[in-house]
């Protein structure tokens, strides 16, 4: 057992499988992918990476499988899945996810190909694990796969606490110790003990509050949207092949964007934190349903239309309309008298939290500081929205 | 300025008024009144006192009055009120509150008499403060009095964080720094900046979760009910005069109860943590409205009736039916565009949290371990309740 | 396994033996004995008790015996010893230790009699443990007894971290996780791995700094000396029998002192923090060797002589000359290449820390504020010391 | 005032000067320079940057100038100096310092040229500050310049606590609050109050222990030495101009090394954490004085000689012989009775800590895993050392 010191969990003990996995380039790469991508532009101390997060998820998975007395084989599979669960992430994590899916047709949780093509698969096989089974667990399928990806998985338990530690925002400090203690299996399904509804709620609450103050902060959303547009250009123009794109680190992507003429300006703006501003920022009630979560094609069409109306470059307008939030935690199972219920059936808070999540939703239209007035006016005209609720 | 080191806030600077107040016996007494009374029987590290809490409230009040640029005179009054706000508490704080009110007709927030009768009043006057004005602030009245006692007062900001620190339960770690930053005055009324609804919600959430896991923990409720019954006996029998009772420390009350025959058994049980158990523990839905928050007289009548039915001593039955929870935080003002709204109008969470608070309500009937079955049966018969939802 | 939440270690799991021990009155009493006795008069949040500390020591002992793969029988004995190691403490812990030794001839680590006379012994036997063997471990003797009481025992690991958490002074935050990891057994002797000399040093450093800022703070020393004199009077006058005295809680001792005429004034002063002040406070170099660590008889004689010279009541003078500090940690074993060395042989820091400990030594003479000048002058004359280095 | 949330200090308030400085590319670049360079290869959560550290140093400087009541003009200068003190750092901070000095002849603390050549100078002038005066303060010269760079500067106060927070190693948690409180000026010189010798010692201790466990960890030293050799090649071959080199970010340097053939292998090894190992690791006593802190020319000559002896590529041998440690903190001034003394004169610990620092000194010779035996043997022969103390 090799102990590794972690800022959040203290000592994390790596067994020989974990050590071998950690030594692969695919895992080492995660040292250079920030967990919270552009959030560091708002919370300067949020520079933690998917590497240390992966160690933390592995640690919690180990504790949970011990706690649940999972058979050795399955426990090893789940621990391995916890450790590698993020290797499929592209640069800047979620913020290039959509661009990668458009060009590769692959979600970051589908890591079967990665296990097949990189050393990771070989390491797993050497240690007697089936790479396909591990990939299945990463995707939340198979026996107890929901421990790795599910309503109350160890991924979320780690990131809420870790993001709180590194941003300095305390809302994420759920009681992960208690959550691990509260885990049960009922007929092979993962559940939370009945007396621990409040513990399960706390994870849901923490994510709702972290969404409001950290994950959906407008500065991070703007930088993310800028990254997405630049990434799309890079990929659509063939400047970087999608397979290579997906394996870049944060800094390598920024460098590639800076080197390629058509994206150089956006990249320099991100690097120097000279970001677009909000021309429009409208809450859910003021936005018609058909403008919520619109697809990329339509988004582009609107951007061009607004740009034309504002008489600015097409690249000077970014429309950002996310899908409505969902809360997987509300589907967590609660074990009561041998029965299983869903958290949303047992907790009066869930509906309130859902409404709260809906309330922080915003439609944003972003533009360089000089173009704000023109873009705002053009947006009102094109979208037929009264932007009097603009920031 | 004398710096005092605090486990929660770091250095707290006491000015000369604060130093003089702290040196009075009335304030020193608070070193011997635990902030969370019997919660230490569940969370063994919860031994912090109303003394250190008072220093913390003073500290936050100082930061808030600085932040709000309150005029010197008023700021001094508010800081003094923050510091002395708990001197009216009896032994074991809230857990003897009802007994004291029954026998003295006085709530712990009414401290005018204390200021008049003890050195505190003299100290205030020497420093140019009007004791009545300070007492008014403690009660949440007068200019900015709500900073000391109101929807989002510094009292709550301190105790949520302090209770989290000392119990080890992380739900109370609200962002008190941010809350102090978010304070505004609008036409002399205290409000939270519009962009900080999530910060205000977090305080409400923290209290809801701390209620569920700490403040309303059944072991603490049982010990509290036992204390209340013993205190009532002591006072009703005239064994201790109510004025003296109200000024005892935790340990002095326990000693008085141990020395007086009729209460010696209850006192020994509390001291040795040999508590009554739950014979019945029923949630809100299963309890008719007229059994919620019943008064002392009716509670005693029910206890005697149940004891008769169970053929046990009257003292062997405790009925505990608290009033329904309320959430003063939901009335916090939010400043938006010059207007003021209430948090409950701006936050979808409030209704969910109210429902959640209602959900953790329980009617309890407690008895010694040997009498549980008999008392349960008698309760079912007397109250006409199906106790199949007993613990 | 019953999990108990602790403010320092998170969840502590109690096995059935631990639960049974915790339920005894002897253990419950420790809830009412503060870990740092009168230090709370300086650091107001230092109200943690020997009860929670005992749980913490048990927790670290459990982790250490797991780590060292100790045989089940011995592990159970060591864990039990860790849990009960403080039951022998009198009220206010170390501050009544000397008075108890004078009148009972017994040190607080000798708990054999307690195990024999109280329920604790029965509980141990029921669970198959020999009370004498447990008492031996508490005293640091027998196999691995030094884990409970020795150069680097789990007692110290817990209290340094816990005292830091509750005072807010960060110097005590040693890396107890690392220390437990670093433990080895070499030929049945406890040792620290060679690569962890810095970890062992850190414990020594932490205690040295905590001594300087917390444990030997002059306010705490004054209150302790006042307690000792009052206790001596109580015991010498037969007002409380020594056996009963040794089992009192902090508050019970204060109450007994307040009730007994000759000690009532000292007790009220401690309660209201109206303490004696330093008339004299001289460092080691200025004090002749024969005045260092003087015995109780000679101390009393000096006090009377000084009081006569100052023309004040004998009780108005307290001479406080502690023995010179020692540092048991410096004898910790370091495992290197199969050999064992002592920390002091491997660490250049030890000598520096010893000198540092010597530097914070002070001879104090304390008196009521009004008598300071007279007592200072009389001390100079009686002891032949130039008190120009007085505070 | 714009509040920025920091994981260590909570809210940091930036005034308008600080905001304008932070918005320059020179400051934004520090977001991409890790504070602890390659330490993240040992402590995976040590990814904090010189950007957030700069904000922290600014925060402590603000508190110190408030505390010391420094005149507004000087306070502004010192705060500005604190904020920009690290802009002169090259990629990977201290680990490319020597290479930059060899090729640019400039130390990172000499930032006059930077202020002159970049926007920073203009921003300072706009706000009425003289760039030369600010540069002087960064270098520790001029009035109270030692607050920015001196025996007990705010730079060190911040990094010790921040490095502890992010590595998870608790030894760095000095009481920076107390240190700021303890600051005094005596005749314009910065000093620590006499009663706070222990506080000053604690900073020295913290750095000594952080050196042993973090800053001088052999894995970090190996990676640093590899970086230095690769940087030297890049610069000596003219592949990157020294002026440009000094302004790269961590990732940009790694990319440049990966792209340039002769350094590609070293760069890939650092990226994938496939580092050289210790062929030789000898402590101070076993090394003759003339091999301690040898210059670059002689180091290269020895490497070539050892490589020849071992029959490996010259690049496969790295000799790493640091200079002996010094401890600037020991020169901190202590204010006593109007006099000033040095910490080393008042503290018995300093000598012990110096000896301790000497003890952790090691001469290392590093090589790829396959060449270890050959390189070890050749080193013994070339240096005439018995490497029996190798790792």
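Which chain is which? They are A, B, C and D, in the order written, and residues in each are numbered from 1.
Just so we're on the same page, contacts are C-beta pairs under 8 Å (C-beta built on N, C-alpha and C of every residue); 3 or more make two chains touch, one makes a residue touch a chain.
No experiment lies behind these values; they were computed from the predicted model shown.
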Option reproducing the contacts of A-B, where over half of them reappear, out of B-C, C-D or A-D: C-D
B-D compared against C-D, more contacting pairs: C-D
Separation of chain B from chain C, taking each centre as the mean of its C-alpha atoms, in whole Å: 34
Rounded Å distance, chain B centre to chain D centre (Cα mean): 50
Gap in Å, rounded to a whole number, between the CA centres of chain D and chain C: 40
Touching two or more other chains - residues of chain D: 10, 169
Partner chain A, residues of chain D touching it in the complex: 4-8, 10, 23, 25, 28, 31-32, 34, 40-41, 43-49, 51-52, 55, 165-169, 249-252, 254-255, 271-274
Chain B residues within the chain A interface of the complex: 169-171, 173-175, 198-199, 201-202, 205, 209, 212-213, 347-353, 355-356, 358-360
Residue numbers on chain C that touch chain A, as the complex places them: 3, 5, 10-11, 177-178, 181
